[in-house]
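Two complexes, one shared chain (chain A), two partners (chain B, chain C).
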Partner chain A sequence: MSRTQSAAEEKTVHKDESSAPPPLLEVTDLSVEFRTSAGQVRAVDGLSYRVEAGRTLAIVGESGSGKSVSSLAVLGLLPDTATVTAGTARLDGVDLLALSRKEHRARCGDQVAMVFQDALAALNPVHTVGYQLTEALRARRGMSRADARKRAVELLDLVKVPNAKARVKEYPHEFSGGMRQRVMIASALSLDPAVLIADEPTTALDVTVQAQVLRLLAEIQAERQMGLVLITHDLGVVAGVADDVTVMYAGRAVEQAPVVPVYTAPAHPYTRALLRSIPSASGTGRLPVIPGRPPSPAAMPSGCPFHPRCDAVRGVCRTEVPPHAVPAEGRMSACHFADDILAGRDPAPDGSGNDRGDSGGDHG
Partner chain B sequence: MAEPVLEVRDLVKHYPVRNGLLRRSVSAVKAVDGVSLTLDRGRTLGLVGESGSGKSTLARVLVGVEPPTSGQVLVDGEDVSRLSRAGRKQLRRDVQMVFQDPYTSLNPRMSVSEIVGEPFAIHGISPAGGRRAAVGELLELVGLDPDHAARYPHQFSGGQRQRVGIARALALRPKILVCDEPVSALDVSVQGQVINLLEDLQAELGLSYLFVAHDLGVVRHIAHDVAVMYLGRIVEQGAEAEVYDGAQHPYTQALLSAVPVPDPSVRLVATGGARVEPAGTTDPVTGAGATGSVGAIVLEGDPPSPVDPPSGCPFHTRCWLAPTLPEARTEPASAQPPADRPDLGLRQVPTVCETDVPALAPRSPGTSPGAAGGASHVVACHFARELVDPRVEV
Partner chain C sequence: MGRYIFRRVLQAVGTLLLVMLLLHLLTTVAIQLNGNPAQAFFGDKVASPAQIAVVEQRFNLDDPCFDQVGNPCLGPFVERLGQYAQGDFGTNLRGREVSDIVATAAPNTLRLFCVVLVTWLALGMVLGSVAARWRGSPGDHGIRLTSVLIDAFPVFVLLIVYRYVVAVPLSRWAEETFGEDSWPPYWFKPSFDPEHPWATVLVPGILLGLAGSAAFIRLVRAGQLESYQGDHVRTARSKGLGERHVVVHHVVRNSSVPVVTAVGLTFTEALGGAVITEGLMNIYGMGGVLWGAVRDDDVGLVLGIVTLLAAVTVVVMIVVDIAYALLDPRIRYE
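Now for the complex of A and B:
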């Protein structure tokens, strides 16, 4: 118990001295391109984020926003058609993206682990859960079969799978969706990673089970002081667990901030619209929606990529890519009118808006 | 107004479990175990429950994909099982389905115009103005560009694909649309678009919807009435406002409290180290009220197997309320947990929960304001009366 308590104290200390601790993982200016029949297509464009020990970063975005691709790039799991065209991903000060594939794997495997969305597809149906849990341990640590089995039971206990001793002998199909996701988490934890990346870990689950799995992740994170990255399309889901939020749109980060202000005073119209579109159990009537759909990376709109769907669009948005504005300390918003959105007012009509946007552009 | 277009009476759907050399039926998966529902014309009935609650099986029986084991399905007052061959064909036109996953429910090798026009071909109908024009109209109706009719499903986004699925379901001008988790595979930002489209279509075409989903937030926005299913049975049913604002069944309350709240001040895990769960906890109710002020109810474990549902109230093995009742404390502990499931622990619940199946009964009047339509709000819980506010701390 004391361990958890001191961990919690440490956490508040970190929060106060915002830039003091070195991040576990620091991604800077990451760009990823895919080779397609329509030519080179940019899926991630200049993304930066930091993952700190004992903190949870939520990366939020719609399908195709580049949120998953950016994590795959960090882990070196990109498909052959994709290349990292710019940027660094520093883990303990070493740029993973500059390493050879083999070195990348060696470094990453030990310290960064990933939990995938679809546990049924990610687990091998022909091996027992116990075998899959300890595959990494046996391969990397040279553990004996008996020790590995013992460790597998411990891991299942850790993720609160009831009756772990009997269940290590079972196959993935014998587990329910929620239990399978626990197995995935257990296997990701087997090498005691410093950073855990969970890609939509609860999207395929029932609401009741979703709450269980999120709570489990949050508990393990707090206990081990891991850095946790939660990738999701639903801002509602991560409100209770995230410390920091990065909202992605069309391959770019459009808003980055600590969790509370993102929800109470969003600084980007996209974040604002996403928040409104969450169907709540206390509201009735028509759901507010974001009109249209995310742009195809092959046909990016001019100016701000969000402008065709934005409810506060002005002239400058159609022509100028917005700079990374800092509307308040510790916050980033890629909007020409970040200050106005943050203050909860509509940007001034076009004439003056143009001037403001231009001056913002000079800073960027 | 209250004219039922669809009635379900005591519907049962069991799947036999066969075993041994002779493949004898040894037991049954009780997917749907005595469900009665009424869907009024032009209205939406939301059917809510976890995976395995039988809600999708019920939907499949209603559209005629699966025959019921027993019970009746009445469409426009006519018993479906007694229909002639021609009558059944007409029924299939009247009751259409929208599927959950727009990525697998559309044939990737058929163009959108072939997909949407296929119902015409199957039923041998030539719509006025020709099939091509009809497909164009349908696409326009669901907000798609008719010029894209020659495209293939992979060229569309998830939300657009779901619109194609809806256009296909609407082709034969059905009366009832059974929507099985139509938005759960979509991004939150797109879910609203599809829900609003369904509402518009209902107003325009006078459709009736059976809307199956596990997300209570989504259901509230579209449903007029809500039925909550657990292990093949309905545990609570009533008008939308009654069920959401005055939930009486502990399961409904747990489901409601599990809907994620977009409020960062409600932390899922206490950060102050105030509550540390002991390792190997055996108390299945520790989750209840654990987050402090808001008292989110987190159900432990998964629903039990429908092959061997618990005796008495099917929910008693996961119920967060039963062990807290005074009745549970005064009675002797029930039998030891089975050897293969020590995790079940020694939960004390009132004996009546273990022995008697609670019947769906009208909620007691006066437990909450606005209980005017009391008789239509029914709950299957022995202790339903004692629950007032799902958000109180336990």
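Now for the complex of A and C:
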């Protein structure tokens, strides 16, 4: 834990320097629904976040929490069974979701690009790496074959793939996992996007390679002053890289805050439980886990979606959906007892009555 | 790759020898059980033993082993292999060189195959791609329904209807409209004309291609649907590439391996003869020749043609395997 804290403190300094520039990408109240045999199912429910130039937002959540779906919606890459039912995604002031499909597509890669997880599947196995790196430059910018070849080598150099000149002629399956993910990053950077969304860029990689790829992403982001959205299920990797964190649960943002305070004082029981379940090198004994499983979007529990697994659950949680509380400046927590959790104490038991009224009144 | 091809060629030679041996054993058993095909040479006439003996000698049927049921007759087999190796494929019962017959029949079959293949690829690729791209749309359902209908309509029904109902009026109409010396009347001739082999093979080829396209449409559709599901297609879209570019370079290109397999299989199948089409449209092709040879007990001709077909099949399969490696770099044959 101490390592993550010191890393997080460095970030605070960085944060103070940048005085709230206008957001590059601002997602507001985004809802995505899937058509399934069980009827319409809501995978993302009222998600809002903003990314500024030169800053990194980490979106953290378990699988199925809607984090990937929300970013696919931003790029207009949702599968046919999914539709955006509400919300906007403003990129440089233009609402992407209101654009025609063609105009939306034209902004992909160019202004907002995406790095996918599992680069082996995400890269086309039958084209050379060089072809895929500069495909968009050739097709969209009309770059010549010779220039494209040069550019491909430069891009591979940029992501520190050794022996780039020879490797552009190779195919994705001839690369190692880490190198493949670098290719994926280089290909997303080929059109100089202002915002980069990286969807679990390190899941398929082993730990040392994970660290290298994350460091590379952070370096490139700082160098180009891009906005970076880092989607991950691992709160542990966030600390060193991100400026802000959005924790998602069951399609909703449950906590949003700058990265440091989240680690020192989480304001939502889910974040707190996630932090406890990060394994540490010094740890002994059993690693605490969050009991139960995330709810199926088709069968959401009543009230707060996290209440069946929450260790601080009270009566109100079972019946009422918690409002977005602001327990401290710049922080958001979707918990009836956000103040209590932030302060590190358990909410008063159900019997004591007045507490229930208090918290409802405070945050309503 | 070079070593792989060498190994495959060796394998092919082995396969071919095995096919020939099997063929030889089957015909030997047939001769031993059914009686000597030399009799067939004389048709209904009763030949004297001396005449039969001459014919037997001429067609290498004089070996006594042909009278002993169960004898594998390896002697004549080796003898024939030697002849084949020298390029001598023997003659048919009427004394015509087998190689000469094949040289006349094979080009017609190949012409038919070319027309079939073009029809087939055009229909399959276009309709399959459309169905895959707009999956679940009325167009997709329509195409799938059409493919089932085509399957339910056998090629001979198609051809009989064409030949006896449509062809003559069409041909007459074309003669009146375009003049007797122009191309269109030949397109609709109800029967093959060796003077105009391409023109008269066109419509039968298109009909045969249409009949075979149903399975191919479904194959292309299924292959492309799988590609559409692929993560790499999503990546291509995320680069902001136009949908047409994505479809051509990431969907069609990635689903080309099964297409090549299907083309290879059809080629060998078509060579074996579109017997029905050739028969109905009077096309002098491999299928008709083989059918006639079997009917007439023409052992030499059957053996020669089947051996040749086996050789072509083996070569085509090698070509298909090499095409795989070119289409999908993950396939390595080292």
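Convention: the second predicted complex is superposed on the first by the 330 of 364 C-alpha atoms of A that agree within 3 Å, B and C clash if a C-alpha of one lies under 4 Å from a C-alpha of the other, contacts with A are read in each partner's own complex, and residues count from 1 in each chain.
Assume a residue touches a chain if its C-beta (ideal position, glycine included) is under 8 Å from a C-beta of that chain, and two chains touch if they have at least 3 such contacts.
What you see is a predicted model; the values in this text were computed from it and never measured.
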Inquiry  = Clash or fit: chain B against chain C, after overlaying the two structures on chain A?
reply    = fit
Task = Once the structures are superposed on A, label A:Asp147 by its partner contacts, choosing first (chain B), second (chain C), both or neither.
result = neither
Request  = Determine, under the contact definition given at the top, whether A:Ile290 touches first (chain B), second (chain C), both, or neither.
outcome  = first
Contacts of A:Pro125 with chain B and chain C, given as first, second, both or neither = second
Which superposed partner A:Asp346 touches (first chain B, second chain C, both, neither) = neither
Ask   = Touching A:Met114, do we find chain B (first), chain C (second), both, or neither?
value = second
Request  = Quick one: classify A:Leu75 as touching chain B (first), chain C (second), both or neither.
outcome  = second
Query = In the superposed arrangement, does A:Gly236 touch chain B (first), chain C (second), both or neither?
reply = first
Query = Looking at chain A, does chain B or chain C touch a larger number of its residues?
reply = B
Task = In degrees, to the nearest 10, note the angle that opens at the C-alpha centre of chain A toward the centres of chain B and chain C.
result = 70
Minimum Cα separation, chain C to chain B, after superposition on A (Å) = 5
Message = Shared contact residues on chain A, chain B side and chain C side combined as an intersection?
response = none
Ask   = Mind pulling up the chain C residues that touch chain A in the complex?
value = 135-136, 230-232, 234-243, 245, 249-250, 253-254, 327-330
Query = What residues on chain B touch chain A, complex-wise?
reply = 50-52, 157-160, 187-193, 195-196, 199, 214-218, 220-221, 240-241, 244, 254-256, 258-269, 271-273, 276-277, 279-281, 287, 291, 296, 298-302, 340-343
Ask   = Which residues of chain A touch chain C in the complex?
value = 72, 75, 77, 80, 105-110, 113-114, 116, 118, 121-127, 135-136, 139-140, 171, 173, 184, 187-188, 190-191
Task = Sort out for me which residues of chain A touch chain B in the complex.
result = 1, 4-5, 7-8, 11, 62-64, 157, 160, 162-163, 166, 176-179, 206-212, 214-215, 218-219, 222, 233-237, 239-242, 259-260, 262-264, 273-275, 277-291, 293-294
